[in-house]
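One chain, chain A, links the two complexes that follow: it is found with chain B in the first and with chain C in the second.
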Partner chain A sequence: MISQALLRGLNGKAMWVVALLVAAAILVPASNLLLPAGHPLRVPNYLVPLMGKYLCYAMLALALDLVWGYCGILSLGHGAFFALGGYAMGMYLMRQIGDRGVYGNPDLPDFMVFLNWDALPWYWQGFDMFWFAMLMVMVVPGLLAFVFGWFAFRSRVTGVYLSIITQAMTYALLLAFFRNDMGFGGNNGLTDFKDILGASVQAGGTRAALFAASALMLAAAFVVCSAIVNSKLGKLMIAVRDAESRTRFLGFRPEYVKLFAFVVSAVIAGIAGALYVPQVGIINPGEFAPANSIEVVIWAAVGGRGSLIGPIIGAILVNVMKSYFTVAYPNLWLFALGGMFVFVTLFMPKGIVGFLSGRRWPGRPARTTTDAGLDTAKPSPAE
Partner chain B sequence: MAASLDPGHRLRPLPNCPSGTSLMIRTFAARWLACLALGLLFSLNGAYAQEAPIDPAGPVADLVRQLPDGSYRDRGAVIGELAATGDSALVPLLRTLEAGELFLLTETGAIVTIEPEGDEVVATDVLTGEAIGTFGEDAVEEIRVNNLIRREVRAAVSQLTLMSDSPSVRIAAAREMFNGANADSIPMLDEALAQEDNETVRAVMEEVRAVAVLRSDAGPDETAAAVDTIIERGGRQALGILQASLGSASADVAPAIEAGIARIERNLALWGVGQNIWYGLSLGSVLLLAAIGLAITFGVMGVINMAHGEMVMLGAYTTYVVQEIIRNAAPGLFDYSLAFALPLAFLVTALVGIAIERGVIRFLYGRPLETLLATWGLSLIIQQAVRTIFGASNREVGNPSWMSGAFEVGGLAITNNRLWIIVFSLVVFAVLVFVMKKTALGLHMRAVTQNRRMASSMGIRTPWVDAMTFGLGSGVAGLAGVALSQISNVSPNLGQGYIIDSFMVVVFGGVGNLWGTLVGAFTLGVFNKLLEPHTGAVLAKVLVLVAIILFIQKRPRGLFALKGRAVEA
Partner chain C sequence: MTSIAPARAEDRPLLYLDGVSVSFDGFRAINNLSLYLEKGEMRAIIGPNGAGKTTMMDIITGKTRPDRGDVFFNGTIDLTQHDEPAIATFGIGRKFQKPTVFESHTVEDNLLLAMKGKRSVVAQFFHVSSRHEREALDGILETIRLTGRRADQAANLSHGQKQWLEIGMLLAQDPKLLLIDEPVAGMTDAETEETVRLLKEIARDHSVIVVEHDMHFVRELGVKVTCLHEGSVLSEGTLDHVSNDSRVIEVYLGR
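Right, the complex of A and B next:
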C-alpha cells in the first residue's frame, strides 16, 4: 500500500522533478570529478558544496511547505528541527575526529577537554556509530515535533499563537545551545570535522558524494511529500487548512492530521540539516536563530506555497540571490530580503509557481486561495 | 608608640577643661561656620573646605604653633591636646596636616598652606585664613607626618566631629568609625554618647560603641550586649565584623555570635529576594512598555506586527537625535531632553506606524500570517535603513542628571533610572487604560475588537479605527524606545532583543486586555529574576519560555482571555 502511495506520488510533474534531481546528482559530481580543470563544462570545486547547501535549504523549505502550504501551520521554528538534525550529524563527525583534535584526546571532543570534562555525557554515547547518528537525525527532531505538536494541537493552539510559540521554541533552544554546560560546544558549536564514513570531508570525492546524496534525498523527500499530499490524508490536510472547525464537525480529528504532517516535516528538516553540516563544515547555535526560521518561510512564499515544487524553486532562487547580494552589495541585501517579504505577500500570494501557472489551485475555492492557515472565523477584512 | 596606646592621653574629656569651655563659648559663631564648612566637606566627600579662622592669640593657636616642634611622639601629644579643646574649627586643619599639605614658614614660625606660583609659593596662614605673601620654596618647610601622627589625627578628627553641633556631621563621623572602631574608641564614644540627645545619632553611636566593645577585652556580659546591638543593626558590614570577631571570641559569646551571623545572613537572603523582586519589577516594566503597544494592535486587529521592535528602536534613535541637537545647540537644556524626546518619538513612530498600516497592512486584513511576514520584511528594511543612516555601532544616549544615581531602602539598592522607568511604564499604562475606557477612539477600538462587522454596521469607520489603533500602538512603542534608550545600548538591533519577549507577554497575558498585559509583564519579569540566581540568566530565560509554551497548552487564549463569540476561532 505504501509503495502504491509512493507511485501515486510520482505523477506527472513530480516525475520531472525527480528526474531532474537524479540527473543533477549524477551530472554535477561527474563533471566535477571527471572533467579536467579549466574545462568549460566543469563545475568548479567551490560550487559543489555551495549547490549542495542550496539543495539542503530547498529540502527545508519543502518540509515547511508540507505544514504551512498544506496544513495551514505557519511554523516559525523549523530552523530548530534543521539545526537538531545538523547537531546529530555534527556529533557523529566530532566523534570521528578521534585523537586528531588539538588536545589529542581519543574519546572527548576538544571543547569537552577544554571544559575539563572527564567523560562523555550520556547523550553523546553511540554517536560514533553512523547508523545510530542517522537514526538520531530523524528521531530527535521527530520526537521534539511530536511532543510539541501533541500539546499544541490538542489544545487547539492555532494561527498566530502557534507561530509565536514555535518561534519561542527555537528561541529557547538557541539560548540553551549557547550554554557551554549543555555539552554541545556552546557558542562555537561543532566544527573542525575530519572524516565522514572514513572519507575526508574536505576531499573532492566526498563533497561530490554529499552533493549527490543531497540531491537524491531531496528527490526522495519530494516523492514522500507528493505521495502524502495526493493521498486521502493529503485531502484531509487541505481540509484542515481551509476549514478546521468544519473538518472537526465532520468527524475527523484535525489534531492527528496536523501532528502527522508536523512530525514528517520535522524529520525531513532534520535530514536536510544533517546533509547541510558536512558540506558547510560547522554547526553552531546561530542556526536556531528565529530570523533563520522566518527566512525559510520567505523561501517557501517566494516559490509558492501549497505547491511542492514552489518552495524548492524559492529556496534556490532566494539563496542564489543572497549569495550574489552579500558579495556584490552587502548593504542592500536586507533591503532586498525585506522588500521580497512585502512584495510577495502583497502581490504574489501564490508565489512564483502560482504566478506562472496563473490558475486556481485544485480543490480550493477562489475566495480563500490566499487564506491558507486561517481559521474560518477570524475577523473578516475591513472591506 | 606608647603615647598612641595611652587612651587617657588622647581622649582626655574636654568639657572639664576650663580653657576648652570658655573657648567653646567664645568661638560659638566660628564653630557654626565650621559646621557648615564641615557639612560641605562631607558632602564633597573629602574635598577640603575653606577653614574658618581660629583666634590667633588664643591657646588653640599656641597649640597649633607647636605642631612642627619636637619628636613625632611629642607632636602626637600636641594633636591629642588639640582634640581635647573640642574646637571643631580645627578639623580642616587636621585633615590638611594628615594629607601632608601643612607647612612651617621658617622665618616667622607661622603655620601655612601653600600654592605654587612659578618658582615661588604663596603662603596662607591657616589660623587667620589670610595670605601672608609670596616666598621662595626654601622659606617653607613641610610639617612631616608618619603613621603615628596620621592615627592621632584621625582619632582627633573623630573626636572633634563626634562633638560637632550638627547631627549630620556627628552621624557621618560615627558611620566613618564603624569599621575602624576599637577598644581605644570606647571612652571617646562614651563621652559623645553622654552628651548626645539626638536619638538617631545615638543609635549609630551605640552601634559603633558595640563594635568597639566587641573588639576590646570587655567582660562576657558586655560583649554579649554588644553582639546583640550589632545583630540588631544587620547588613553586610555587621556580618563582616561578626565573622572577623568569631575567631577571637570567648566560648561564652561564640554561640551568640554564630546565631547572630546566621540571623544576619537570613536577613540578607530575605533582602536579596526583595532585591530580585525589584529587578523583576524593573524588567517587567520594560516588558510592559515594549508589549503594551503590541497588545493594542494585536488585540484590536488580530495583527502580529513583527516590526514592533523596530518602532521601539526608532523611538530610541529619536531620543539620540534630540540629545545630539540639544548637545550642540543648547547644552543647558540637556536635563529636559527626554521631555522633548517623548512627544517627538511618539509622533515619529505613530506616523511610521500609520504609514505601514495604510501602505501594507490594510491590504492584508484577514490574513494574519501574511501580515506577520510582511511586517517582518518591513522590520528588516527599517533596521537596515537605520544602519545605513546612523551606522551599525551603538549610539550613546545620556541620562539626564535626575535619572542617574541610586539610593538605598533598607537592604535594597535602587537606581533612579530603573525607578523612573517603572513609574513611566505605569503612567503610560494608566493613560492607555483611560484612552481605551473613556474616549471615543477607545470605545470604537473596543467595539471593533469585539465584533468588527457589527461595529461597522453601527457606523464605525473600521479602516480609520485600524489606522488610529496602529498609530497608537506604534507611538507607544516609540515611548518605550525613549525609556529603553536610558538603560540599554541604542543600536539597530535594539528592537530584535525585545520582540520575542513582548510576544510572550501578550500571549501570556491574553489578547485584547490591557490588564492581562500588565499582569503578564510583571509576572514574567519577577519570575525570570527570581529564577536567575538559581539557574543563571540564560537557563532562567529558557525555563520561562518553556513555562509559557506549557501555559499556552493549558490556556490557549492567555491569562485573561476575552470571553464571548468574538474570539471563537
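Right, the complex of A and C next:
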C-alpha cells in the first residue's frame, strides 16, 4: 500500500527531478574525485560543499512549501526545525571528537569542560551512536511540530496570528540556545568537528559523499511530497488552504490535515539541517534567527509556491545570487534580496515556475489559473 | 413549558429543536425556537433578515452552541454536544448562502472531496477511486448538469453553476438531512426552475430544509412553510396559510 502510494509520487514531472538529482549525486562527486586538478570539467573542491549547502536549503524550502503552498500555513519559523536537525547532527559530531578536543577529555565536549561540568547531561546520552542521532534528527523537529501544531491548529489559530507565533517559537529557541546552561555550546554552538562515521569531515571523499547524500535525500523528500500532493490528501490540503471551514462541514478535521503536513514538513526540514551541518562545519544559535526563516519564505516565493519544483529552484537561485553578491557587493545583498521579493510579489505572484507555466506555449492551450493561494495570510471571514 | 413534542427519544422526529435560545452580545438571535422535521420531509423556511434562519443552521451544524434548549438528530444524537465534522459525519449536509466551493479545484475534484467515505488523514493519503465512486460521480455530474465542465476549475463556473456544484457536493456526501441556504439567490428564472426540479428530485429520498426569500420559488416547491421572526416561529403551515397570516404580512411580506 505504501509503495503504491509512493509510486504515485513518481509521476512524469517528478521522474525528471529525481533523475536530475540522482545524476548530480553521481556526476559531481565523480568529476571532483576522478578528474585531475585543473581539468576544465572538474568540480573544484570548494564548490562541492557549497553546492551541497544549496541542496539542503532547497530541501528546507520544499518542506516550507508543503505547508505554505499547499496548506496555507505561512510558517515564519521553519528555520527552527532545520536548526534542531542540525543540532542533533552536531551533537553526534561532537561526540565523535572524543579525546582529540583542546582539553583532551574523552567523555566531555570542550565547552562542557570549560564550564566545569563533570558529567554528560542526560539529553546528550546516546548521541555517540549514529543511528540514534539520525533518529533524533527526525524525532526532535517532528515532535516540536506536533506539540506546537496540536495546540495551534486545534485552537483554530490561522493566518497572520499563526505566522507570528511560529516566529515567536524560533525566537524563543534562539534565546534558549544562546544560554550556556542549555548545554548546547551557547553562543559558539557546536564546531571543530573531526569525523563522521569514521571518515574525516574535511576529506574530499567525505565531502563528495555528503553532497551525494544531500542530492539523494532531496530526491527522496521530493518523492514523498509529490506522493502527498498527488493523493486525495493533497487535494484536501488545498481545500483546507482555500476554504478551511468549508471542509469541516464535509466532515473533515482540517486541524489534523494541517498537523500531518506540518510534522512531515518539520521532519524534512530536520533532515536538511542534519545534512547541512557537516558540510558547513558549524551549528550555532544564529540558525534560529527569525531572519533566516523569513529568507526561506522568500526562496519559496521567488521559485513559486504551490508547486514542488518552484521552491527548489528558488532556494538554489537566490543562494547562488547571495554567494555572488556577498563577495562582489557585500553591502548591497540585503537590498537585492528585498528588491527581488518586492519584484516577485508584484510581477510574478506565482513565482518563476508559475510565471513560466502560465505562459502560452505554442501548440498548447493557455492554462487557466487562479490566485486562490495568494491570500493565505488573510484570516478567512468564515472563521 | 408546554411542548407538543413526544417525550421518548425514539419517537422524536428526524430533527428536533425544542426551546432553543442563543444570544450574541445580548442580542437574542434565536429565542425559544421549536421546530420539528419528519423523516423524508422537505420544509421551506422564510422570514425577514435577522430572523435567525442562518443562526438556526449554525446551531444544527455545530458552528454555534445554543445557550438553552434541546437539539436532537435521528432521535438520540444530541447535536449540541458535537462539532461540525462530527455532525457532518452523522449525516447532516449544508449548502451555504454564498456558494462555497473549492475554487482552485476542478468540478470533479470538488465532488470527489465531498464523496461519502472515510474522513481520516491516513485514509485520504491511501485513497484510490473505486469504480462505484466514479459511477456515483458521473451520476451526480449528470444530475447537476455539469458533465461538460467536469475538468474545469470551479472558480470559472457561473454563479448559478457554483450553486449547483455545491448542491452536487451535498449529494456526494449523501446525508440524511440537507440544509440549503438560499439556493436560488442570484439565479436567472430558467436556473431557478431548474433548481426547483433538482430539489424536488433530491427530496424524494432525503429530508431537506430550504431557506429562501424568493416567494415564487417557495410556491413552486409546494411544501410546508415555517416563517421565522426575531428568532422564533411566527407561523407554520401551507404557504397559503402562512402568507395569509396577518402577523407574517405585518413583519415580512408587507401590505
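Everything below uses one rule, namely that the second predicted complex is superposed on the first by the 358 of 383 C-alpha atoms of A that agree within 3 Å, B and C clash if a C-alpha of one lies under 4 Å from a C-alpha of the other, contacts with A are read in each partner's own complex, and residues count from 1 in each chain.
The criterion applied here is as follows: a residue touches a chain if its C-beta (ideal position, glycine included) is under 8 Å from a C-beta of that chain, and two chains touch if they have at least 3 such contacts.
Given the structure is predicted, the values throughout are model-derived calculations rather than measurements.
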item: First (chain B), second (chain C), both or neither touched by A:V257; value: second
item: First, second, both or neither for A:A24, with chain B first and chain C second; value: neither
item: Partner chain(s) touched by A:I238 [first = chain B, second = chain C, both, neither]; value: second
item: Which partner reaches more residues of chain A (counting touched residues only), chain B or chain C; value: B
item: Partner chain in contact with A:R246 - chain B first, chain C second, else both or neither; value: second
item: Touched partner set for A:A172, first chain B, second chain C, both or neither; value: first
item: Which superposed partner A:A5 touches (first chain B, second chain C, both, neither); value: second
item: Which superposed partner A:I309 touches (first chain B, second chain C, both, neither); value: neither
item: Chain B/chain C common contact set on chain A; value: 245, 370, 372-373, 382
item: Contact set on chain A toward chain C in their complex; value: 1, 4-5, 227-228, 231-233, 235-236, 238-239, 242-243, 245-253, 256-257, 260, 368, 370, 372-373, 382
item: Residue ranges of chain C touching chain A (in the complex, touch as defined); value: 61, 83-85, 88-89, 93-94, 96, 100-105, 109, 112-114, 119-121, 124-128, 152-153, 155-156, 169, 173
item: Contacting residues of chain B [partner chain A, same complex]; value: 298, 301-302, 304, 360, 362-374, 376-381, 383-385, 387-388, 452-453, 456, 462-463, 466, 496, 500, 503-504, 507, 536, 538-539, 541-542, 545-546, 548-550, 552-554, 556, 566, 568-569
item: Chain B-touching residues of chain A, taken from the complex the two chains share; value: 74, 148, 151-152, 154-161, 163-165, 167-169, 171-172, 175-176, 178-179, 245, 290-291, 294, 297-298, 301, 331, 334-335, 337-342, 344-346, 349, 370-375, 377-382
